[in-house]
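Structures are listed in the sections that come next.
Shared chain: chain A. Partners: chain B in the first complex, chain C in the second.
Right, the complex of A and B next:
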């Protein structure tokens, strides 16, 4: 019993009510999606409007519904811890999503993604930090906004803030700004993509390059379609691999280059890279490897009744619970914290990445960005 | 008379502390300063791809602790300069809720807080704590908002 206790997080019972709430909300959202889809197939007008014009699939239902609940109803405090842990459930979903790929996809789309992310992500981080330094923005704010607008939004701010010694006010401004622009992009980009007839793979690449925050990126891509999600996740995996490098760059730019020897000596660079490396992507690549080996007993996402087919169903559930958590976590009060210099940096970086990203995916075309899975 | 003054360490809050001590010493009032440690930043530690969560949580804790200590030092310094004795209290949680809890326990006749003068977009965007306090605190406590000027 004593050993069994160690398997659980301390106070794990506090997460149960909120998590169950997300689970029920996800179940309702997915069934509402199915209902709208069925009515749409039967040619019912309002369902066709919701399904085709308003693009109301389970992602939109969970996000919009979640935002509506969070910002209009008094959410009991007992639900908040569980809602907060529902968001990272997307991570096991991304690992399982590895069954959608084969190595040929990883090499083709991944290498394009790697080049694009190297330019966009590292480029954004370096340019933002450089401009901030030039314009006298504090090192703390410049460092977290460079990493936040460049790599993966709030996750990057969390990784970078202790390194560049951002103060609480700067962190609040930066997180509020990233959430604000990430959410704006989540709700505008799918409609822009549809209006200019962007293919799913092009949209996936565009969202992976432009959307500031990871949660919103995954949601926007899944909203647009499965092919968009497949491309977005692969490019995003390339993007997240840059996180340790961007943190290391911030360390060099703000601490080592400035000759702050005392701070520099306290930081072990190897530990820094190790701690910031996203180990979960190894799980993703393991599934890609297993899928590429064509092991008969594992089947595939399309082989009904096979282990990989079952995993494919699980990933949708992971995503639905995660999106329920994301929707229920988007608070207008949090976004109101956006402000000051962080707001200007976030707005400029979002606009530039959105426009340049769109131009790049239009030039590259769909073929190079499509995940075939075979 | 009981006076409660809220401070977050910003310039307008410092002015609020000066005002509270000056009023307290001239009215021989019981003055309590309150600083609320807001754990809002910690709620983001488990973002989907966040790495180095423990380091982040420890860093935020350390920053908030330093900030609280700085507010306490500033308050003590102001009290010593005026030769006035007052109490300093620390609370942890959402600022508005914690201030209201303190008001219900301490029952001050006057609550002094700092506040920025906001117009237009900034007024819409701001959480405007002094306004929420004024709306939520009963008639028994008057709210005084001190600006950030020199």
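Right, the complex of A and C next:
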């Protein structure tokens, strides 16, 4: 019951115009993708170039088109709230994607993902927080930058900010840094992956380790291929389960370790863990569980006429609406908010994590990272 | 005195801002589960129609 009060907002009308704008944009983007795909199937040269060489599928169309529209056309301010709520439509898509997995995948790929993410998350968080402290960055900014670069970007920044008492300007700096890095990676990693012939499952794991924002990593992985998406989503789920632990770590690093027992006593650690837990992944695990139980009436993504087969047709549309929201949200002016020492530390740590992540997935190989779904 | 008051106000603003923003994260999560369950129910009842709608009807090419 406690969560039900969070369901509705008083002035929900302000979200309608921007959200409708994203729906229309996603609709046009998906149809353009289908048109290029059809021409490519008919062997028309320019369509084959766009579809195969330039990888111009619906992900690229919506992201690049969105950025172009946002930064060249005068977008009315009335559209911005609705555009912002389109991005999270990716979450129901991730939940539905649960029908692609069975527990064997979760145990095998998820275990690898848990180990990798634990090392990368806490390694990055500790290093960033330590360097920020050493170079005189405020606890607020250092704390949220460490959490943001370690775990899942914007959500981690928001979850950690009350613990380290970050102010809104520091939150804007940290979010700007994370989104700028994610945007750069989103557009470069698929091309790097292709150029070194990275398998789809390896790319999925790499993007889940290197890209900090869930929506951006889903976009990069979907851009690369379905197998990449399956691996990326599973490892990302493992990663975001660490979110409450990273908040606890920030509490220890900035409050308990500094000897501020009075502030620490005011914080209920159990409530902190419970409140920061990203509950939507419970929906994802529900569908993994149902798919693993082999219930005949539910079928599977490949069983024609079954409920899971029908659901499998829907998630792309959820992603399309989310990608429309991401593209239309990327404003060059907002990116300029990132800067200073914390920006340098955050960007450097993220870049190092990306390179180390690539080395690790190359060493691990495809087999352990591949989602079979059977 | 003035700086202490402004510091308290800043802390209060930060807490409120973070709580409001985090509340929106929880809202996103809950709506994500509701939407996914809605799609699940529709797919249970009308699998062919759901598939055709999202794979054919929505495309005009």
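Simple rule for what comes next: the second predicted complex is superposed on the first by the 365 of 374 C-alpha atoms of A that agree within 3 Å, B and C clash if a C-alpha of one lies under 4 Å from a C-alpha of the other, contacts with A are read in each partner's own complex, and residues count from 1 in each chain.
FYI, a residue touches a chain if its C-beta (ideal position, glycine included) is under 8 Å from a C-beta of that chain, and two chains touch if they have at least 3 such contacts.
Treat the numbers as computed from the prediction; the structure is a model and nothing was measured.
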First (chain B), second (chain C), both or neither touched by A:214: first
Partner chain(s) touched by A:310 [first = chain B, second = chain C, both, neither]: second
First (chain B), second (chain C), both or neither touched by A:283: second
First (chain B), second (chain C), both or neither touched by A:38: second
Contacts of A:88 with chain B and chain C, given as first, second, both or neither: both
Contacts of A:240 with chain B and chain C, given as first, second, both or neither: first
Per-residue contact with chain A, leading partner among chain C and chain B: C
Touching partner for A:175 - first (chain B), second (chain C), both, neither: first
Chain A residues contacted in one complex by chain B, in the other by chain C: 85, 88, 91, 155, 158-159, 161-162, 167-168, 171, 275, 278
Residue numbers on chain A that touch chain C, as the complex places them: 3, 6-7, 9, 27, 30-31, 34-35, 38, 85, 88-89, 91-92, 94-96, 155, 158-159, 161-162, 165-168, 171, 275, 278-280, 282-283, 287, 298, 305-311, 313-314, 316-318
Chain B partner contacts - residues on chain A that touch it in the complex: 84-85, 87-88, 90-91, 152-155, 157-159, 161-162, 167-168, 171-172, 175, 214-215, 218, 240, 243-244, 275-278, 322, 333-334, 336, 338-339
Footprint of chain A on chain C - complex, ascending: 10-11, 13-15, 17-19, 21-33, 35-37, 39-40, 42-44, 46-48, 50-51, 54-55, 58-61
Chain A-touching residues of chain B, taken from the complex the two chains share: 40-41, 43-53, 55-56, 58-60, 63-64, 67, 125-127
